[in-house]
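A single structure is presented below for examination.
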Amino acid sequence: MDKDEIKILLNEVKENKINVEEALKKLEDLPFKDLGFAKIDNHREIRVGYPEVIYCAGKTVAQVRDIVKFMLTKNNNILGTRATEEMFNAVKEICLEAEYNELGKTITVRKKEQQITDSYIAIVAAGTSDLPVVEEAYETAKILGNKVVKVIDVGVAGIHRLFAKLDIIRGAKVVIVVAGMEGALASVIGGLVNKPVIAVPTSVGYGANFGGISALLSMLNSCASGVSVVNIDNGFGAAYNASIINKL
Amino acid sequence: MDKDEIKILLNEVKENKINVEEALKKLEDLPFKDLGFAKIDNHREIRVGYPEVIYCAGKTVAQVRDIVKFMLTKNNNILGTRATEEMFNAVKEICLEAEYNELGKTITVRKKEQQITDSYIAIVAAGTSDLPVVEEAYETAKILGNKVVKVIDVGVAGIHRLFAKLDIIRGAKVVIVVAGMEGALASVIGGLVNKPVIAVPTSVGYGANFGGISALLSMLNSCASGVSVVNIDNGFGAAYNASIINKL
Amino acid sequence: MDKDEIKILLNEVKENKINVEEALKKLEDLPFKDLGFAKIDNHREIRVGYPEVIYCAGKTVAQVRDIVKFMLTKNNNILGTRATEEMFNAVKEICLEAEYNELGKTITVRKKEQQITDSYIAIVAAGTSDLPVVEEAYETAKILGNKVVKVIDVGVAGIHRLFAKLDIIRGAKVVIVVAGMEGALASVIGGLVNKPVIAVPTSVGYGANFGGISALLSMLNSCASGVSVVNIDNGFGAAYNASIINKL
Amino acid sequence: MDKDEIKILLNEVKENKINVEEALKKLEDLPFKDLGFAKIDNHREIRVGYPEVIYCAGKTVAQVRDIVKFMLTKNNNILGTRATEEMFNAVKEICLEAEYNELGKTITVRKKEQQITDSYIAIVAAGTSDLPVVEEAYETAKILGNKVVKVIDVGVAGIHRLFAKLDIIRGAKVVIVVAGMEGALASVIGGLVNKPVIAVPTSVGYGANFGGISALLSMLNSCASGVSVVNIDNGFGAAYNASIINKL
Amino acid sequence: MDKDEIKILLNEVKENKINVEEALKKLEDLPFKDLGFAKIDNHREIRVGYPEVIYCAGKTVAQVRDIVKFMLTKNNNILGTRATEEMFNAVKEICLEAEYNELGKTITVRKKEQQITDSYIAIVAAGTSDLPVVEEAYETAKILGNKVVKVIDVGVAGIHRLFAKLDIIRGAKVVIVVAGMEGALASVIGGLVNKPVIAVPTSVGYGANFGGISALLSMLNSCASGVSVVNIDNGFGAAYNASIINKL
Amino acid sequence: MDKDEIKILLNEVKENKINVEEALKKLEDLPFKDLGFAKIDNHREIRVGYPEVIYCAGKTVAQVRDIVKFMLTKNNNILGTRATEEMFNAVKEICLEAEYNELGKTITVRKKEQQITDSYIAIVAAGTSDLPVVEEAYETAKILGNKVVKVIDVGVAGIHRLFAKLDIIRGAKVVIVVAGMEGALASVIGGLVNKPVIAVPTSVGYGANFGGISALLSMLNSCASGVSVVNIDNGFGAAYNASIINKL
Amino acid sequence: MDKDEIKILLNEVKENKINVEEALKKLEDLPFKDLGFAKIDNHREIRVGYPEVIYCAGKTVAQVRDIVKFMLTKNNNILGTRATEEMFNAVKEICLEAEYNELGKTITVRKKEQQITDSYIAIVAAGTSDLPVVEEAYETAKILGNKVVKVIDVGVAGIHRLFAKLDIIRGAKVVIVVAGMEGALASVIGGLVNKPVIAVPTSVGYGANFGGISALLSMLNSCASGVSVVNIDNGFGAAYNASIINKL
Amino acid sequence: MDKDEIKILLNEVKENKINVEEALKKLEDLPFKDLGFAKIDNHREIRVGYPEVIYCAGKTVAQVRDIVKFMLTKNNNILGTRATEEMFNAVKEICLEAEYNELGKTITVRKKEQQITDSYIAIVAAGTSDLPVVEEAYETAKILGNKVVKVIDVGVAGIHRLFAKLDIIRGAKVVIVVAGMEGALASVIGGLVNKPVIAVPTSVGYGANFGGISALLSMLNSCASGVSVVNIDNGFGAAYNASIINKL
């Protein structure tokens, strides 16, 4: 709708050829609808129970507390990731419902009831050292309203353990695979299930692991076709992504 | 075959309702069924129209032709990726229906009718130089039975072009973003849509692009939460992954 | 301006409290001004003599020729970078004015008169092997309407050669330094001039040069404070950037 | 002193208008002047209000205090970057005017009045975690005599926030973009403004961020043409560079 | 249990020599046996004196203690690698026999007698700084039941020291070479012995050593043919591998 | 000649049982014998049927032919690796028995009968694209006198194929695992067999495979304990190593 | 020309012993002399027989020929490195004395007699594949006037070959060690001689050799103390450096 | 001990001038002498004042003290590098003459008079942050018996400071250049002096400096021909190397 069209419309209003309500309708979504910014801006809030998210790393304790304080005014659920225990204590003081997952380093505040999905996300992890990433993913998926099942310590070095849990993994709508070291678990599971697999390389390991590069490259080069990858140790991103898919 | 079924079988043996040879036959393939290997083995074929896939790179023309020849006996659809024109010509000789996508370097053979999805996959690309990857993804998604929409040349350097196509992108059930250079498109789209975004870094660029590392790292570090990543130039993997999601 | 305000405005139009022209003015820049897209879209074309740019690498000869063909309809100047001689020949057939810089791999077409700047850009290069990048930068800066001076073969291994040209370099409004190998020239010049220095690392060298990484890292770590860096071999980007600064 | 001036001097010697000692004195610092070394040496001091700069990292508290002590004798303004609080306290003891920016880790001492520019530098940052780099850039730009505007938390994941501030960004003479993670903000802004953009990758992020490499490569490969890059976390360098451009 | 054994079992059922419940019990773990999973699962325990292994890094003190507690119930020998002194103290409290190797960071518990091999593993190390890795390998090889000989401080910079010990090295059935810095020792020994050489790069060194990459690449590129490599600092892996070979 | 033998010799000198010249002769080659240089020098030749090895890459056709010509005079078996077909043709002209493995790029000449081992080496490969490395390993292992079994196309994406061949793999005395892409096969097999596993990463793959780095890192970080690694695509080295172990 | 000389000159002017024009001429090149630039500029030519050097890589055949043509006018010796045979042929046409080293890719032209050093440079190489680098170093050292001895094929995998040549190596005044793959030779020789060792890593190898990085890192991390390193394949640089030392 | 000496010895045995035990003792270290190992072994001690060297990093305080204790028995001079203050204190207790260089982290013990060279080593450094490496090099060069001159803070960003010291630098027999950041100083000096230049990259810098890689690559790629490089921060290695050259 360009200048001339608007002029014509305004003249039609003036001349009563069109009533105000109709003109309004034509004009009202002009600024945003065309670009869709309103949707962007609000797409989180308009869903019941969607949390506000704070990435706490690199913030001071005071900053985290203040952000939570402000968020509490909106009465939403809140998820803080990469939070230290000190941050949690500061939040706890202003919000008794706050909970802390020590391994996952998450703060969660539940203000609204959430509708939980029927289908579930399976979080599968190679070893117990991957638990911090598993827990971050778990807390994220939960507060986003998903049913979640954890399957831990099924690394490929003892592949029979994995097979024992295969039915649970196959029952999920989307699978998160968390693995460090050589990250082979993603490929093996990718070859065994017919669901989207989101692979999270972890920095677990040493030496030529290079802080997770080894698992990252493994997963990117997976010979199994349904595997996509998120950043090293990014349990949050995997769960957020899985949640979108689980709710499709 | 579970515990109860084995018990029944053993009782039948005991009561001479079934002879030992027959019982043996029923038991001997037990290990695979219980572990679900039959499912694995067959999970592709049991779906109508699922193609057989050949990764042609690193194979000789003769090898590709022979594999296709064998696959034709199974009457399935066929997808060959990273195929040279010479490979295509060899395949064409034994299979007139074979088609070649020159940019995408794919050979496709359609033997079976496919049921096409209602929902669609959007393949969004930053520049025309990313077209080879786009076309590989396109052909893959099509032969897997998906409705696909391509949105090309909407790189972030002229972001208004992207906004003009936002409705089409948002209408998709899953979005594939193909971008080289700095790969910023994945983050921008990830912030604008509420669907799973599968990012494909391409090797398009030069210098500090390092054959796609630049875009790969960008996408892995995306500040937008719904983005997952596949290997550099891996249009096939992105489309395969998107297809699984699109059919959920 | 929200829904209610627009309604009030429309009512004022209807009731003749405000005339159409005034209402139009209030409405007209609504969609774009807020976001500025019109400016984006047109900011290149509205300047006299600004060229259309084609990055030819990764495009076919036919694609390049077709893009040029289309551009010629708009009667603008044209710059094609990373163009092969074959591409140039194809362009030459449809456009006699087309010129080719063999070293710089640029195609230029001049359709419009350009206003040339008074101040100049100095392009300083370490060695003769850096000439392809120098020429790309030179052609870019010229067609963008800049006065340009080239100072070649003044690498730091024979620093007296550099000092002999120092006055010319210092006379520029902005300096482009092109250097491969260890890229030390950028730091040395950065310490000698008080103008913005745009450093272009080149892939000239071998071994631990790693295709330009050596010079790139050198320049990024320059101990001289006025140096910024563009991608390896990116003569175009440096010149484009320099042109913006030269015209401030 | 050029050829003609030397000739005049020699004639004055010949004609006894000047004695040999005086002529000798005038000639003996010739080498430096001709090569411009004096200019180099003094080019900072001859501008009113230009600060002395100390890079404090890797220095001891005592060293920093002693350098400041010496600088104070010259009555210039002083900027210390990467300074710890302990360093500041030591400086504070000998200089009451010293100020400390905790986030930016800068010490500033203002001894001289500065003339502030009319045009301004915009410092745009993706997230709050980039603030330390923003503040280093801010303090540097300020003490170099620039008008500065900060635009924070406009990362591409919520691109509408960026558009809301576009006019401010476009009003600047030069734009500094500070971003970590995937650094996409530089490309997006580079496509939206027609001013020189100096991109500062930050080490904000984790995993495949590799201490800022991800953002660095992104920015070097920016598909937008007016972007140049400085070292990771180098707020000082960006501001110094921007200041030179802002004062052109 | 193979086909013939199942047939015999079924006949016993038929002939009432065994009742259904007993037969069921024998059959129900069939799937694993046939695939060899039982072997995997149990292959450690069935060998006298084979230890249980705990990789302690990334586990809490409590977790390590609890795992040991559980393992003690099985009366096996135990090896904990990458264990801190604090972990050892916690283990010591529940198990007096526990021993700690301070350099090697290993906890060992000996509950069963081990049969020691006649042939021996030689662990050869370049310098005293490589001792932590040597000790980890040593403790691992010992608790796996191997005779082990250590040859320390025979780096190539003083090659005569190596030659003085050549007979001992050549007498081994398998040789572990531990070296940091440039890791040249592996190649030199690989050229002097006719036994399998397992090379362990260590992170000993600085600068361009890059945490062991230098030695790792050296060893992977060894011009001597009998050398294979394990992860940086992976003394455990080398010893485990050597033990398998030593017991062939 | 050890200490005691020298003592005896000296006594013989003393007692005139041997004259000084003879004693001198016996002593003068002492340094080499004691240090085992003679052994080194000859340790290959003294074993029946051990081949001479030529690494042909980087040599001219003439050089390869001349080296073979010389080797033929010693009547040994010969193995040439990384040989082009042109090299083979040149060798064929001077040696009719020469054979060429096109995939493995090996030239073999059999002059001597070899004693073949009873135990066998299993060469297991993930995909058909890994065949060149498999064949290099196969030809090397064969000419070194080993019984060899190849198990191809058992990649982890279809893990049931691997299980079908597990008995063959487990029957080997040493296992070579050849895999590109993410190299997960090494870990999976490492967890399933109790034999030394020598992993060969291949450069098969693309993008973030980085010419085999992905598989290399995977294998070095294998969570299975009996895995050691050789250089990328180093089929020769793996087989040489396996041969030493197979003959222990 | 120092202070005293200028004083004398000025007095001569004053006393009319020399006219102003002559004095001016003597003074005008003063800046360069004092700073030693003349020395720099001419330091090569003033030594008898020092060659002019052309780095031919990245130059066209015509450029190389033209540079040689110009150099011939100065009657100096000439060294062209990284020259193709085509370049040589073009040079040969204008200069019959030109010689070409096919392996070393050098063009040499001898116009002047050279004084050859008494002491010699030893060039020691690990394998025959390193010969191109050896020859580049050899030709460079020769035309710079050095006595040179080559010791080839003494890699550490057969260390007795090295010992057989140790006296020759120890007799040199400076040793160049050329080695690819793991580059261990530099450390071994560094530990055996008491002379400066200049190590040249070569790109010989494959896989994790990464084009010479493996040998480069090895050499930089050498545990032997007298080793310094030049760029990968930089035979010229090593020889130039060795020549300076050999002539001290 | 050569052939003639052995002959004499044998004759002495024969003639009972020496008994068998004594002869045996003289012979038993023969192997080493003949191969020149004695020279290696002892080549340090036989020179007056040559120090014993301890690389203290990665050693415990007790280990360092014990090594020094043992060395003191040999009455040599001692150099400990990378020593902590705690180590020094422990050494001081057993050796009052021990001195500590806090910046250089060296312990030196002077037991023997050293003959100091006439020619000197110049250690040139870019910035004050490079001082720790300068001091390590300085202490090493001194205790090795060299005259040493330090030239500090002459980085290329203010190149006139370098020229002011050029005569001192040119007067040296060998030049050590210590520089971090972009390491350009090595190239500039390499172009200005005609002496061997040993470049030491330092880890001084941040961001894309990558712990010294930036300077390392710069120096390896130096366009000046007489530059060789040692490991990052390896002041000891540079000085050791320079000392060998200085004493030629």
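In order of appearance the chains are A, B, C, D, E, F, G and H, and numbering begins at 1 in each one.
As a working rule, a residue touches a chain if its C-beta (ideal position, glycine included) is under 8 Å from a C-beta of that chain, and two chains touch if they have at least 3 such contacts.
Keep in mind that what you see is a predicted model, and the values were worked out from it rather than measured.
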Via touching chains, subunit C connects to subunit G in a minimum step count of 1
Since subunit D and subunit H share one sequence, what rotation angle in degrees maps the C-alpha trace of one onto the other, as a multiple of 5? 90
Which pair in B-C, A-F or B-E has the same interface as C-G, with over half of the contact pairs matching by residue number? B-C
Give the chain pair, either A-D or D-G, that is connected by more C-beta contacts. D-G
Suppose you list every residue number at the subunit B-subunit E interface; are over half of them used by both chains (same) or under half (different)? same
Per the C-alpha means, the centres of subunit C and subunit D lie apart by a whole-Å value of 24
CA centroids of subunit E and subunit H: separation to the nearest Å works out as 39
Where the centres are mean C-alpha positions, what is the separation of subunit E from subunit G, in Å? 51
Counting only residues that touch at least two other chains, what does the list for subunit G look like? 35, 40, 158-159, 163, 191-192, 207-209, 213, 216, 220-221, 225, 231-232
So which chains end up touching which? A-B, A-C, A-D, A-E, A-F, B-C, B-D, B-E, B-F, C-D, C-G, C-H, D-G, D-H, E-F, E-G, E-H, F-G, F-H, G-H
Could you list, by residue number, the parts of subunit H that touch subunit D in their complex? 128-129, 158-160, 163, 204, 206-209
Sort out for me which residues of subunit A touch subunit B in the complex. 34-36, 39-40, 43, 53, 163, 166-167, 170, 173-174, 191-192, 194-196, 198, 216, 220-221, 225-232, 236-238, 240-241, 244-245, 248
Can you check the complex and tell me which residues of subunit D touch subunit H? 32, 37, 40-41, 55, 57-59, 63, 201, 203, 211-213, 216, 231-234
Quick one: in the complex, what on subunit H touches subunit F? 3, 6-7, 10-11, 13-14, 16, 20, 23-24, 27-28, 30-32, 34-35
Can you tell me which positions in subunit D touch subunit B when the two form their complex? 126-127, 155-159, 181-184, 186-188, 190-192, 205, 207-210, 213-215, 217-225
